[in-house]
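So, here come the structures, one by one.
Here come two complexes built around chain A, the first alongside chain B, the second alongside chain C.
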Partner chain A sequence: MSRLSLWIVLSVLAICALPFVLERHSTELMIFAAFYAIAGLGVGLLLGQCGIVNLAQAFFYGIGAYASAYGTVVLGWTPALGMLVGVGVAGLIALAIGWPILKLTGFFLALATLGIGIIGTILFFEWDWLTGGTLGIGGLPPLSIAGFAFDTPDRFYFLAWGVALGLLWLAHNLTNGRPGLAMRAVRDAAPAVEGLGVDIHGLRIKVFVICAMLGALAGSLFAHYVSYVSVESFTVQRSIVFLLIPVIAGPRVVWGVVPGALFVTLVPEWLTGFGDIHQMLFGLVLVVVVTLLPEGLTGLPARLGRRVTR
Partner chain B sequence: MRISRYFRAATAALALLSAGPLSAQEKESIRLGAILSTTGGLASLGLAERDGVLLAQKVLNARGGIKGHSIEIVVEDDSSNPDAAMSKINTLIHSENVKAVIGPTGIAQTVAVGALTQREEIPLLAFTGMGPAVEASRTCVLHLTPAQGLNARALLSYVRDNGGKTVGVLHDSGYGQVIWGVMKDLGEEFGVTFTAVEKFELSAADATAQAAKVKASEPDMVIVLSSNATGFRNLRQVGLTQPIVSVHGTALYDVVRAMGDASDNVVYAEFLIAEDPLPNQTEFVAEFQKEYGRLPKHFEAAGWDAVMAVAAALEKTGPEPAGGALCEALRGPYPGAFGKYDFSAPDMGGLTLEAFSYSLLTKGAFSRLPYHAK
Partner chain C sequence: MTMTLVWQSLLAGLANSFIYAMVGIGIAVIYKGTRIVNAMQGDFAVIGGMTAVFALSSWGLPYPVGFALGILAGTATGWLIDRFCVRPMMRRNAEEDAFLLLTIGLAFTIGAAVLYFAGRDAHLLPGLGGSGSVQIFGAFMPVHAIWLIVISLAVVFGLWAFYRWSIIGLSMIAASISADGAETNGIDVSRMRGYTFALGGAIGALAGILVTPLIAVSYQMGLGITLKGFAAAILGGLANPLGAVIGGLVIGVSEAMAVVGLSSGYKDVVALGIMLIMMVLMPNGLLGHAGRKGG
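This part shows the complex of A and B:
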């Protein structure tokens, strides 16, 4: 068993054991961390494997949440149907948007995704007939599978982390297979890869669609968990948090989104003890982490190892 | 040896007996929670509410607490974000074991948090009016400010009764959009025609183009539905001279200061004119001025009322209310500094048009108008 596999197995075991030792409040935070890990996984695939900065993930997160909210509360759908529609709609929109904008590269592409994120937030505000605008939509039913309702934090914890870990495993396999090789080749030497006949544009669109669908799935889970959605949860600020997840963790390691998601969920919470300056402190912590650990949190063990053997 | 043990036990018993009943300070304090937006977009409201909440705590404890138990309020900041509010409510309920929760500041946070507090039968005294339909069944979520429909009626009543037939509306895409959503269907009922309705972005620092369109429609009066000074400033900058009528959300000293020269000829449908308080508000205004050295507005009053209402209910139930008993004790009339509440009303607040006071802002100063809405 490689060192990475050992870390992964130990992490999975720790995640499974946590609800039995954590306080209720901490379990709730861990559930949010699972949502962020799923949404952050999409952003991480784009950033780490394709070199694309995506600042529109909160838009897709919102699509998933609103599809579940509108579908279950207004149209009377089952939660599973609402979730399916949300993920499908997000994928189709990502396809339609991705087709033109993914011809851009670098800063221009990042700015284009930022523009989409801003437009998304405005639409969530303006289309109040669909989203409830500032009032939002409340009263979503809990998720259930074959009559088993995920209506307690402990149950939802295992659902959310089960989904997150399952998706991480799939993403791990994807990036370690031929598609992953192609993605990294496109990221590192696009002209050479194009010469070998790889459809760069098509590949980037596929990853962008996967990213959007992951965002929508996370949004849908979030909506069913909190039973209420409003536009404040889907702003560009949230997209920046999703982008921070792979950036902090180290974007090239797929499993890195777990420590990244834990960081963006738990650290701000711990810092609230410092009062009204907690948001400034979080900014400061981010700067320190990014400066001292340029390869991210996942690079920390290797860095420590080098220091010990030196 | 045996005698010595009996002697020690007897001495200890005597010492305990001579100590008598526990004093107020020695009794365990009653813990309440507060979720307020003290940072983020709603901070101006959340900070005002926090001032009122903490003042009420101080005054209550100085008066001996509740049945000898002091009040301890655990204040949490939700950063104006409903997700953070969800996290905080779990801390308050499950880690801090609070008896009631004051707040939240925003509608989204209230609806999100209310699902949990309702299930746990813990009273939530929110600084919002009743929002989406789902709140109608939450009898343990009480509302300390009016629902948007009531705000809209208070404004249109003033327009109608003061000769306004045509009205221009300038509103933002957040709070203003919500009130406009109700107001747009009330024009006919109040005999008012909307000549122009213009919207600007919540975060916009400039709405001159929209203000110019509203002015060009030549209305008798203009209604501004917003939570900041942008609309007021721009309307005066484009030369509007007609009266502006607005909501209590902007009848705040900070907003008035931000208006600059535009803080003139503005009528507010509001609740606390501290320069000329109503009899039920004098005690609060005096206490607030003594503590902070400045005058309060309605959000500070709502913070004070929330704590005082819980304290009054705890006087009835005792410091350890059984499940749901505190909600039940709260559900009834309560004469607050903000207004006369009836928490048993269908909107869980019971504020009516009569609760509104009308003020005129003249060169940055509020003065009470003799008008009363019916």
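This part shows the complex of A and C:
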């Protein structure tokens, strides 16, 4: 058993045991970390496997959340249907947007996604017949599957982390199979891969759509958990946080989104002890990680090890 | 809707155009000198504007001193960013997405720092040439807006001359086109990159000081301005300061028309929509053949 799989098994065990020892507030934070892990997984697949910076994830997160809110509260759908519609709509919109813009690369693609993220936030704000504008939509029913309602934090905790770990496992298999090989080859040597007959554009669109669907799923879970959605949850700042999740732990390993998601939920919580300066400290941590630690925080032990043995 | 109303909002759009152009010029300068797209250019504007505001209101310094301090703050920030972030990353040949993450992280950090040190409030500066306005064919334009346009044009032509004739300007371009070639010719490439960031910071801060009499400066405006400036720069072909002015005019005027025709909420949608369409359909910008990497 390799070191990585040992870590994964230990983390999964720890995640299963946590709700029995944590107090309620910490359990809630951990539930948010699961939403972040799911949405961050999408961004991480794009960044780590394809080298694409996506700054529109909060938009897709919002589509999932509003589909669940509007579907269940206004149209009276079941939560499962709302979630399904949200994920489907996000996928279709990602396909329609991704097809033209994924011809761009690098900075231009990143800023294009940033533009889409900002347009998305404005539309959430302006289309108040659909989204409730600044007032938002409240009173979402708790999520229930086949009559079993996930209506307590502990139950929701297992649902959210179960979904997150399941998706991580799927993503792990995806990136270790042929598609993952193709994705990383596109990232590292696009012209050579094109020569080998890989449909680069098609591959990038597929990953972009998967990313959007993961974002929508996370948004939908979030909406059911807090039972209230409004524009503030889907701003560009949120997209930046989603981007940080894979960056902090190093985007190349899929499982890195778990420490990344824990970092973005727990560290600001601890830093609030320092007062208003915590946001700035958080930003500085990011700058330091990007500047000095190209493999992210998970690369730190290996880096120190190299320095010691040298 | 009367013609005067359309004309009035066109004039307002014209003033905004030059602000976007100034931010776009800063992005173009940094891109020209380093091949990095700076996603925190708008935060240089926030730093410049805020420094000038505090120099005037809290420390009671005279207007020209505040103006100079604002520009100095932007220049220093640009230089520091190169020295402490970009240089170590260049040394290990970091990839394009790493530089983008860096500038986004800096935008986030500077926004949070301004929030911490300067607070949530938005601030205005007094305008150049007082608070008066002139009447042009029945519509009013603040005197400051005219100063803004004059100064922006002066910056564009100054930069054009700088890159064409001055040794430093030529070295800065050479360092970005071929680092090895420039090094062989005795150009200190990393120093040129430092100058480029300092110049970008100075132009960004100037943009911030000039915008603050028209739009109140606050900690959260950085990213929005960056994107408008980027849209202007993209329309102009990204490496061309004059192109950024034309791009700024397209963005500013279409925004003004969107406010008249649709509602003010949609003006950013129109500006960013134009940016997206232009990026996909005309990757070299309105002026063409400017050439750009990575798209």
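Some observations on this one:
Note that in this section the second predicted complex is superposed on the first by the 297 of 310 C-alpha atoms of A that agree within 3 Å, B and C clash if a C-alpha of one lies under 4 Å from a C-alpha of the other, contacts with A are read in each partner's own complex, and residues count from 1 in each chain.
By definition in this document, contacts are C-beta pairs under 8 Å (C-beta built on N, C-alpha and C of every residue); 3 or more make two chains touch, one makes a residue touch a chain.
None of these values were measured; they are calculated from a predicted model.
By the touch criterion defined above, A:132 lies against chain B but remains apart from chain C after alignment on the C-alpha atoms of chain A.
Residue contacts after overlaying the shared chain place A:106 against chain C, while chain B stays out of touching range. With both complexes superposed, C is the one of chain B and chain C in contact with more chain A residues. Contacts of A:115 after superposition on the shared chain: chain C is touched, whereas chain B is not. Of the two partner chains, neither chain B nor chain C is touched by A:149. Look at A:29: by the touch rule set out above, it reaches chain B but stays clear of chain C. In the overlay built on the shared chain, the residue A:243 is in contact with chain C alone; chain B does not reach it. When the two complexes are overlaid on their common chain A, residue A:279 makes contact with chain B and with chain C alike. When the shared chain is aligned, chain B comes close enough to touch A:226, but chain C does not.
Common to the chain B and chain C interfaces on chain A are residues 122, 125-126, 276, 279.
Remark: chain A residues 47, 51-53, 55, 100-101, 103-112, 114-116, 118-119, 122-123, 125-126, 236-237, 240, 243, 247, 276-277, 279-280, 282-284, 286-287, 290-292, 294 touch chain C in the complex.
Chain C contributes residues 36-37, 39, 84-85, 88-89, 92, 94-98, 100-102, 104-106, 108-113, 115-116, 223-224, 227, 230-231, 234, 263, 265-266, 268-269, 272-273, 275-276, 279-280, 283, 292-295 to its touches with chain A in the complex.
Across the complex, chain A is touched by residues 38-39, 76-77, 79-83, 86-87, 90-91, 94-95, 106-108, 111-112, 115, 131-135, 173-175, 177-178, 181, 201-202 of chain B. Of all the residues in chain A, the ones that touch chain B in their complex are 23-25, 28-29, 32, 122, 125-126, 128, 132-139, 153, 226-228, 230-233, 269, 272, 275-276, 278-279.
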